[in-house]
Structures are given as structure tokens and as C-alpha cells.
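Okay, got some structures for you below.
Shared chain: chain A. Partners: chain B in the first complex, chain C in the second.
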Partner chain A sequence: MMKSMLPALLVVLLVSGGGVNAEPVVVVNAASAVRQLSKDEVVNIFLGRYRRLPNGETAIPIDQPESSALRSDFYRKLVNKDLNEINAYWARLIFSGRTSPPVQAASAAEVTTLLVGSVSSVAYLDRSQADNRFRIVLEFPP
Partner chain B sequence: MGALAAMSLSCPSLSWSLGDAAVPEMPGISLHGFGTLGVTRSNNETAEFIRDLSQSRGAGTQWTAKVDSLIGLQANIHFSSSTEAVLQTVSRHHANESYQPELAWAFLRHDFSPDLSLRRGRSGTEFYMLGDSRQVGYSNLSVRPPPDFYGSLVFSYIDGLDVSATQPVAAGLLKGKLFAGRSPEKSSFAPGISWDLQGSTLVGGYLDYLRGPWQVRLGHAQVRFKNESPIDTLLQANGDPLSGVPYLSLVPEMAMAQRRAQFSSIGVVYDQGPLNVQFMLNQIKHDSPAYTDSKAGYLQAAYRFGAVTPYLGVSRSLSDVEALPTSVIPGVDAITQSLVSHSFVDQHTYTLGGRWDFEKNLALKAQVDWVRGTPMSVFLLKNTLPGWDGNMTVLSLALDFVF
Partner chain C sequence: MTKQVWTLRDPLRLRGLLLRSALTVIVASLLAGIVAVAYTAQGTSQRAHRASETRLNELLDTVESTLAVACFAKDQTLAGELAQGLLSNSDVLSVRITSEQEVLADMGRGPAGGPQPATLLNRPIYSPFDRQKQVGHIQLSPDPLVIDAWIREEVWFTAIQLSWQLGMVTFAVVVIMLLFIVRPIKAMSDRLHGMNPAAGERLAIPKTHAHTEIGQLVIDINALSDSLVSALATEHQLRIQGEVDEKKYHTIFDNAESGLFLIDRHGVLSSWNPAFARLFDIHQMPVNGNLSLLNVRQLPWQNPDRVIELVQNALHQNRAVTQDLQVQLQSSQRSWVNMVLRSVDNNLLQGVVHDVSHLKESEASARQLAITDPLTGVANRQGLEARLHDHVQDYAASKSGGFALLLINLDDFRRINEGMGLPVGDSILQTTSKRLSACLKSDDTLARLAADNFGIILNHITDGEVLERIISRIMQEIRQTCFVDGSPINLRASMGVTLFPSDGFDVPQLLRQTELAMDSAKTAGGDNHVFFDPKLTEAAEYRRHLESDLRSAILHHEFVLFYQPVIDLRAQRLVGAEALIRWRHPTRGLISPDHFIPLAEKTGMIVDIGLFVVDAACQQLLAWNKQGLAYTLSLNVSGRQIPDGLSPAKLLAVVQHYGIAPGQLALEITEGVMLRDIEQSLQWLKSVHAMGFRVYLDDFGTGYSSLSYLKLFPLTTLKVDKSFVQDMQDGNNEHTLVGAIIAMGKSLGLEIVAEGVELKSHAAALERMGCHYAQGHYFSQPVPEEEFCAVAARLTALLAQPTV
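Right, the complex of A and B next:
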């Protein structure tokens, strides 16, 4: 009994482990004219400081669901902040009537749907999801 | 699916929210709130500790919730991705000693482009960096913004308009904002006596430069008071030393109406990963000698360890000593000195505290402030009694939340 469960258990551990070690990459729609974004530009777009893309269009940032490991990895790699700090940051901007936070997707699948539907959107995906519908515009050093 | 995607993109409000908590949402409207449950006490019976001058009572040697507790509700109404209206009401202990809710924000914002936006209506004052979010405890590290620096600000919001512009400059961002409007507020002048600031004009602006972890701001604002301060009401309530003769008819230089106050400031924030350092300086100049000119500054440093962020700070507020107008009438100079002495400050505050983000959208804070001043330093306190020596230790606990 124990022996037969072990492989299944290993698979579960490996799959969930893969989720925790997600590798976020910043992507745009493959039809976008944007080839590359600097880390500062991505900070400006996701923290609502300045949402103009290098091609002049207004950037529409999209966030992964709050519970996703990808989201906390993304903000840690982008600004070395945890999600509580990002929440506190947005509380300041929302309650002083400034910029809105990124569009909040309900699921990882919705992020890709929104990206496919708009050339001005900017999002982060796990590298394994970044297929040919998208263009990677920023990678984080390992 | 395509239609759904298009709808959420043209109307980001449909999906953005601060948390997973069920937020009642209708198309284009989102509701949010913030608040603080805080208790404060000091170890000195001869003065009351306040958060800012709009409060007429503060904390004595008994725990009180008056100083920091407040609740705010906000509705954002999105007309399009570039136009929204924001309504915010805040209930806190203010000048008239009630928690009567005030309409703190009610404006329409339009973004002409990512570079330029305009707001028209009622909005929070931004005399100093972080000044327009000083009620939102959850967004700040410490229990309250340092009273030595922010406490003398009695203007919370203005009716008017502001324009802000952003431009990338040398690997950073240059932001500028100009605002103008009139005050709709009243401020506490003395226990039971408030000063009607309504109609006073406020104009100002700032320049921000953001680059990497650095943010630097230069700001300037000025106020022209419309209404006279209630000096005679105060004198009549305190023994009527002039037997009903209007004080300003004897010392007209002390008038506040149609006189200016100017607020200049510089702020620097360094925010890199777990480290946050804030440094700010300001200078306040009054045309009228009725209030002393002053300088203030603070330095605060915090370092996050997981969910816990200890912080420490030091702040300073100091009045300039000025020549006062004199009168040939006996006794009047003593009244003038007494009136001006109410605005005198000369103190340091040392702060040590910690913030614990124990749950999403909830933070618990504990803080000790050691106020070290001269016995003359009374401006940023209320109801000082004879025997006040300028020193006070203040304990504060606060639970901040957003929803």
C-alpha cells in the first residue's frame, strides 16, 4: 500500500515544487511593437508611476491572482518587496485618489486571455507558459 | 471570451480590488475602506498628546482611542479607463470633539495621457510628501506620521483643482504637480473654540524626481486666511481682560485675515527592498506675528524581517524667536506674548516601534515616543497646565486595516 502510493506522492511533490520555483518573465502580446522593456520601465508600469510604453501607447499591466506564487516571485525579483508591502503601497495610492493598480486577473488562464486580447497589455507569466503568442520583454537574472 | 476580455480591459475597475475579501461591486464602481483602531496614553498629566492641531483633545495618562482611531470609506466610479470619480468619507475625532463623518475627497479625475492628469473637486492636501495619505495608517510604517513634522498642518483637504505631469528624465521620472483651491474646513483654536478656515485660498506645487530606490521632492504651498482667528472669543472666555474691547483694534499687526502662511519642504525617501529611510525638512513662515515661524524635520529608518518591521526615528520642531508688536496700553503686551506663546515649539521626539503584518490587509503596531522639549514648547499639544516641563513619554498600539 505504502509502496504503491509513493510514486504518486513524489509526482505531487514535484508538481507543487515546480509551482513554488516558478520563473516569472515579463511578456507582451506577440503583435506588440515593443521588443524589450528595462527593469525600471516595468517598475514604472506595475507600480503605476508611468504607464507609457516605448512605442507611445498606454501600458495596461495585468496582475496574477494574489494567491499565486508567481506573483510574489515577480514582485520579489522586481523590487525585492513582499506582497504585504505592495498592498500597503497600493493602499497609499488608492486612498489618495491616484493611479489604479494593475488589472486583477481571476486566474492564470485569464492573464493569458487578457494578453491575447490586447496589444498594450503587459503581464508576467511562468517561463513555461510564454509560448509563441507572447514576446518576452524582460527576464530576471536567476 | 473575447468580449469579456475587452470589457475588463476597458473597465479595469471590474476586477481590481485590494484583497480577496468580497467587495461589493457594480459595473464601474468599486468600494474600499481603511481604518485604524488605536489606543494611546502618556505619562504626563500636564498636557495632552495630539496627532495634529485639528484635534481639540488628546491623550493624557489614561488610554484613549481618540488620537488615532478613524475609519474611511471610498467609492471609485470609473467612467472610462481614463476618467474616474472618487468619493471618500472619513470619520475621526476632530475639531468639534465628535466623530461626525466628513466628506474628505470628492473629485473627478481625467488622465489626458500617461503624462498628464487633471483633478477637479475636493481632494487631500499635499503640502508635504506622504501628506495626502497621513490618515491611511496601513500605508504608513509608523502609527502616525511624526507630529513634529505633520502636526501643525490643519488643512486636510481643499476644494479646487490640480494638474500633474510626468516626464522621463535621465533614467528617472520627473513629476510635477500644481494645485489651487479653497479650504472648506474648521480647525480647533482652543478648547470649545474653533477657527473657521472656510474660504481661505491654498495654492502650491511640488517637483518629484524618482530614480531607482530614490525619491526626492521639493514642495511649496501657501495659504491666505480668509477669516480672522477667534482671538476675542478666546480672551472673553478667559476673564475678558480687555472688557470687550476688540484686541485687534489695539494690535492690528496680529491680524490673520488676508495674511499668508508659506510652507516649504524637501523630502527624500530611499526604499530598497526591506530597507526604508525617510528624511524631510520643512519651514513655515507666517506674514502675521500671531503665529511663530518654524522649522521641522524628521528622519525615520525601518528594516523588514519577514512580517515584522521595526523602525526608529527622530524628529524636531523649533519656532523662530521674533520681535512682537507692542502697544502703549498697559497689559496688552502681556496678552500679545501669551497669544503668540501658544504657537511656540522647541522639542525633539525619539520614536521606536514595530509593525507586524500578521494577516493580509491587517497590521498591528506598537510604538513609544519620547518627547523632549522645553517647558515653553506647547504648540503641538493641547490643554497644557502649569507644571508642564516639556517631557512626555507616549505609548501607542494600533491595528490598521484596509478592505
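Right, the complex of A and C next:
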């Protein structure tokens, strides 16, 4: 029993260790005119208050998959809430239909795909994934 | 009757007390209730609003997180749902939710124009992700109707509670009042109605009230009754005493001999006694028919103004004022009354009046007597002085007029009085006074000053001629023979005259000067008049000084004896001397006896001086005797020294004291001495002669030179007066006269001394005439004792020369 539990524990540790190492940064398509976003602007875009970029263009936020450690890290750093709280928030709003949660990517790869495909998209990636196809518009302090 | 009324009104009065206290309690409670309800309403309203606010806040708290989400996401649907939920609470009247720019929800209940809510509950809504950031706000208004209903309920409850308490308290007060106050007071009141305090009845203390205020009230009422009863008794006693006193004062008032009256400040009489009415004959006076308005001014005063003045004085001075006032009454002799007035209060004066007519009459007669001479009926000295003062004052006021003052003294009046008796003297004075009076005008004054001294003031006399005429008339009147009991008497008078104002301005001085002039007339022999001369004053002054100096001279032994040698012409030798007195005045030097002996005689000081002379002479004789010189000394004796001033016994005592033989002492007297009182003088002369003293008659030839006296008196020696001797020349009258005197003296067996020998020829002539002794300047001046030895030696030498 002890033996069977140990690998699972290790996975968790790895994942979480990977989470610790993960450093979310907010990025846009490198072709986008947006150079930088404030934290408030990022909050408004991701939590559905305003879906516009500073240049007036519609912004399309993209969330990492539900289970992604990056996702919970991102919201923790952005508004200091855990994912349950974020979900509860969206649960109150979804009903009225006035606004909607960000686009849900099925995987991390899909996020990059969606980003590359649209200059309006805004997403978050681990710093390691942010290559020259993307532009970092907001970094969280360590 | 009164008692009945009291009983009828009694319950009402008591009920009144009860009703009043109950009403007071109700009104006071109502007021307190209203205040309490108002306060409660106020408090309840505040609490209701606070509670409503609290509930709404709590309501908001439950939906706050959802509200934050709605506002953050600007979700109107969500906001509308929340507002709907809030409105389901009955307290909420309306809800309004706004995001930053837009209204998310605005809903309300009831009609739109309903009552405006009193308060609004505002709450800001913050972002669910950032507590610092406001994303909207909610406004809730509570429903006022709900709150009001709640307040009304609270107030109503309080009011009901208070009413209930009020009813209880009022009931309790009424019961307590009735039991503890109204009932005992009613009992006391009932008892008081039937009580007779004068008979000693008193209230009893109600049961159970022994230590309450009611009990104390009963004690106080009883004490008050006691003091009232005692005050009534005292008052009664006083009233009886007052009646007795009033009766007494009435008796005094009615029976007083003095007039008593009361007047007001204007002089209107308000009351007077019978004596007052009698004094002024009030019942007979016509007072315009109205006796009650009689004014004191209207009484028959001689001078009503003085009465008014007296009334004013009494009003202004707070003391009794008095004055003698003259009245005029036809029906009586009364002429003077004395009035005393005193103000008894501001408007009332009390007065006393009595008849002082008799007093005034006796005063007047006494005044008249004081200035009248009772014997002659003319003025006396005081009267004259008073008139003089009046005249002087008149002159001082008008600076015109003037008068002559005459003083008249009858010559030799004393002799008439002594010789013929006082009644004759009085009769003469009366006659003289009549005669003088006949010479005077009506405004002149005649007075008898003393004894036979009369004074006359001739008023308005300034003309010397007129004055002389009047004076000579007066003198003539006096000289007329007057008959007393049939015997004729011839009177003469000496008169002094002064004139005012030329001789003096001061009355005493004027009188003194007139007296001096009169004395001067008298000294000049009488039967004449002398006008005052300032020299008379000087002389009088001189005499006054001399007199005091003389007294001091006797005290301080300022007298000395000078000696003039007497020569025996037959034996041609010195046999003695005449002792002559000199006065060594400390400032004026040597003074001769002519200047002071007359004054010494007049004042009697001659007696002391005479004794000194005898003593000094005896001392000198003793000194000579001791030197073996048997001189004789003669000394002058004045008439004033005879018989007692230098009595024979005194003389003898002195010579015996010094051991001198009386024969060595000669006493020189003048004829005048013998004329004074022959009997006494003769007695004295005989005594001293019998004792062995020698007696010289001095100044022979100048006076009477009566031969019968020469025979009558026991004399040893005659002194020929120097006036004959010093003028003696061969063959002239004096020569003959001296010879005759010497011859006559010798024939009577007397020794002769010649005085005033000034020349050698005198001495020779006298010697030839057979004169025994001589003295005079030819031989020697009178010299003091210390020079006498030298003079004696010189004389011895002179006499040794052969006579021519």
C-alpha cells in the first residue's frame, strides 16, 4: 500500500514543484500593437468587466486548462483568489449572460495556437514558453 | 348670626382644601405625563429610526458580495434580482443600485408620489477583487409608515401606563389629606367656633398629632390666645389710666392761672384755656363773628408784627422762644404779657402766656430808681453818666452839637452839716437842686453825684459867651441867702467846667477832668469856676507819680536831714541847727520839702516822715553829745502830726531811747497849726512843753500874728520870718518891723531867732536890735551831716573876726 502511494506523492510533488518553478506572464501576439498592460487592465479583461485593449480593440482573453497549475498561479497573483472563488464568481454572472468567462483552451498548446492566430487575444504563459512569437505585456513581481 | 354663617360655609371650605390639593396633584401629574410622553415619543422615534437603519444594514450585509459582483460586472439582471429580493422586506420602500456610470436597478413599492422617506441608506460597493476600489453604490430608503406605526404603538403604551399611575397617586393624596390634615383641622375649627379664650378655654391637641405640625399649630394657637388675652387686659388697663390722666390734664388746663393755647403755623388758634380767654377778653372781642377762626395776630397787641416774628422764630428754632409783649385792652390795666412758644410738631405750636404788667412796672421803677437821687429827685451819678454816654453817641452819629459839663461843689458844706445837723444839710441840698434846676433848659441835665456834688450837662452849648452867662447865673443863684428854720445861710460853690468835644471824647475822662477843674477852683479858695486846662491833668499826673514815689521813699529810707547852723549873736558862736528834710530821689536827685511836704501832709505820709525826722535828729544830737558838742536842734512839726501823729509820748520815748535831754530838741510849729483845732493843739503843746521840749513859733509875721495866741500858747521862742529879714535895710519898713517883733517877743519873755540872714549887715543889725539867734545863707546853707564839722570850723573862724 505504502509502495503504491509513493509514486502518486512524487507526481504531486513534481507537479507542484513545477508550479513553483512556473512563472506566469501575460502575453499578446507579437504582432499586436499593445506594448504593455496594467494589472487593472488585465483584471478587467480576464474577469469580464471590459473586454477592450487600450487601443480600443476588443480583447479576447484565453484561460489555461482547468487543471493547469499555471492557471491557479495566474489568478492567485492577479487577484489573490483560488480557482474555486473564480468559478463561484463566474457562476453568479453566467446566468444573466451579460458577460462570459475567458475562452477555455483545452490544453496549453491550444493556448499558444489561439494566441498565434489572433492579434486580439490575451493570454498567460509560463515565462519559459514566451518565445518571440509573443510579447510580454505584464509581468508579476516574484 | 355670625356663627351660623361660619357653620354653613364650613364643609365647603374644607372640601375646597381637599379639592385644591387633588386638582394640584392632577394638574402637576398631567404636566409631568405630557412631558414624559413627549420625551418618550422623541426617544422612541429615534430608536425606531436607528433600529430600522440597523435592520437595513444587516440586510445589505447578506447581499453585499453578490452586489459587488453585479456592480463589478455591471450586470443589470443580477442587480435587478437583488433589488427585488431587498424589496421583499417590509421595511424597505425603494432600492437603487448604480455602477460607476449607469443605474443597474431602481425599484420601489407603493405609489410614486408617496411620502418622501425621511432618511436614505447609502452604501458604496467595492470590487470583489480589490477592496480599495469602489465599483458602485446602493441606496436604500426605509418605509416611514412602518416606523411611524411602531412609534405610535410605543407612545400609546406609555400614555396608558402614566394615566394609571396618575389615578393611583391622586387617590392616595386625597386620602392622606383627608385623614391627616382636613379631619384634624376641621375638628380644631369646630372647637374654635365655640371657644371663649377669655374664659380660659383652649384647644386640645388631636389624637396622634402630639408630635406633628398640627400639634405644634394647636400649641401656637393656644400661645397666641394667651398673649392676645393678656394684651387685651393691658390695653383695657391703659384705657382706664388714660381716661384718668386726661381728666387730670383737663383740670390743670382749665384751672391754670397762665393762659395756655395751641396755634398752627399761620397763627390760627385751635385751642385755649379760660385763663387765656380772660387775659385777652376773647368773649368780648369782635372777631367777625367767627370765634373758631381766631388768629393770634388779631389779639389786641400793641405791635402785632412782633408776635408774628415770635411765631416764626419758634417754628425755625427747635426750642422754646419767649418775649415780653405789650397789649392794649380798654377794660383792664394790663399792659404787658410774657409769651413762651414752642413748636410741638411741624404744624403746631404750644404757647403759655401770663400777665407781667406788675413785673414790668416794678422793673421800670427800679430802673428809674437806679438813676435817680432819692433826696432831690434829680438824676444820680449813674443817670448823669448814662446821659453823657447818650450825648457822646449822638454826637458820634451826627457829628454835630456838643455840650458843657459842669461839676459844682458847695464850699464848706461839711461845716454846715456838722454844725447844724444833717436835716439842715439835706434841706440845703434840696434847695440848691431847685435853684440849679431853675437855671436849666429842658434838654439840660441836673444830677447830684454825691453829698454836695452836683453835675450839670448844658446841652448844645458851644458858644463861650453863652456859657459864661449861664455859669454866672448859676453862681448867683447859689450865692443867694437861703433860710433854714428862719436862720440865714450864705452858700458859695466851686465849679469845674469842661467842654465836649474839645476837652475830651471819653466819658470817664471828661468827668475826671471836670473834677480836676473843680478841685482847682476849690484850692483857689472857692466861690469861683475854673475851666479845664490840660495842665491840670499834668499836675494831677505828677501828683500821682509823686505820691507813689513818696511811699517808696519811706520804705527805702530815701530821706536825709540837712542842718542849717544857728548862731548865738550875743556869744558869737554856733549853738545848734535847724534840721531840714531832703529827699534823695533815686532818679531826680535832691528834692526840697516844698515839693513833697504838702502832698505828704495831704496823704498822711507826713506822720511816718515826721517820726523819721525825730529819730534822725536824736541820733545826730547823740553823735554831737559824744563829741562834747552841746548843740540844740530844731525841727518842723506839721499840723497833721498833731496831736496823734507825733504824740508827746512818742517824742519822749525817742529822746529817752537815745538818752537825749528834751531841752536839746526844739519843735517848730506855725500859727496855722493852732488854727486847726485849738483845744487839741493846745493840749499837745502843753504836754510837750511840760516834758521839757522847746517850742518855736515859726514864720512869725506872715500869718495872723495874733498876739493873744502868743500869750495863750506855751512857747519858748519866736522865729522871725525870713521875708522880713532878707529885705531889711537901714531905715526901711522891714527894718522897723523886725525891730518891733524882736521888742514885742522879748517883752513876752520869748527868745528870738531871725531867719534869712544873707548879709553881714543883717547880722550886725539884728545884733544891735538885741535878737538872740540868727540863721541864714550868710552863715551857712543847710548842709549834710558830713559837712557840718567843716562848716562849724569855718563859722568859728568867721565869728572870731571883729564885727564891724
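In this section, the second predicted complex is superposed on the first by the 124 of 142 C-alpha atoms of A that agree within 3 Å, B and C clash if a C-alpha of one lies under 4 Å from a C-alpha of the other, contacts with A are read in each partner's own complex, and residues count from 1 in each chain.
Quick note on the criterion: a residue touches a chain if its C-beta (ideal position, glycine included) is under 8 Å from a C-beta of that chain, and two chains touch if they have at least 3 such contacts.
Nothing here was measured: the structure is a model prediction, and the numbers come from that model.
Colleague: Does the chain A-based superposition show chain B and chain C clashing or fitting?
Modeller: clash
Colleague: Please name the chain, chain B or chain C, that touches the greater number of residues in chain A.
Modeller: B
Colleague: Just chain B (first), just chain C (second), both, or neither: which does A:58 touch?
Modeller: Only chain B; A:58 stays clear of chain C.
Colleague: After lining up the shared chain so the two structures overlap, which partner does A:114 touch, if you call chain B first and chain C second: first, second, both or neither?
Modeller: A:114: touches chain B, not chain C.
Colleague: With the two structures laid over each other on chain A, which partner does A:66 touch: chain B (first), chain C (second), both, or neither?
Modeller: Once the two structures are laid over each other on A, A:66 reaches chain B alone.
Colleague: What is the contact status of A:141 with respect to chain B (first) and chain C (second): first, second, both, or neither?
Modeller: neither
Colleague: Tell me the contact category for A:79 with respect to chain B and chain C: first, second, both or neither.
Modeller: A:79 sits against chain B and chain C alike.
Colleague: Which partner does A:92 reach: the first (chain B), the second (chain C), both, or neither?
Modeller: The answer is both, since A:92 touches chain B and chain C.
Colleague: Applying the touch criterion given at the start, work out whether A:106 contacts chain B, chain C, both or neither, answering first, second, both or neither.
Modeller: first
Colleague: Give the stretch of chain B that clashes with chain C in the superposition, choosing among 99-107, 279-287 or 369-377.
Modeller: 279-287
Colleague: Do chain B and chain C touch any of the same residues on chain A, and if so, which?
Modeller: Residues 49, 79-81, 89, 92, 95-97, which sit in both footprints.
Colleague: Using the touch definition up top, name the residues of chain C that touch chain A in the complex.
Modeller: By the definition above, chain C touches chain A via 66, 69-70, 72-78, 128-130.
Colleague: Residue numbers of chain B touching chain A in their complex, please.
Modeller: Touch residues, chain B against chain A: 1-2, 4-6, 8-9, 12-13, 15-20, 32, 34, 72, 74, 76, 81, 84, 86, 88, 105, 107, 109, 113-115, 119, 123-124, 126, 130, 132-133, 135-136, 138-140, 166, 168, 171, 173, 210, 212, 272-274, 304, 307, 357, 360-361, 363, 402.
Colleague: Using the touch rule from the top, collect the residues of chain A that touch chain C in their complex.
Modeller: 43, 47-49, 79-81, 89, 92-93, 95-99
Colleague: Quick one: in the complex, what on chain A touches chain B?
Modeller: So the residues of chain A in touch with chain B come to 40, 44, 49-52, 58-60, 66-67, 79-85, 87-92, 94-97, 100-106, 113-114, 116-118, 121.
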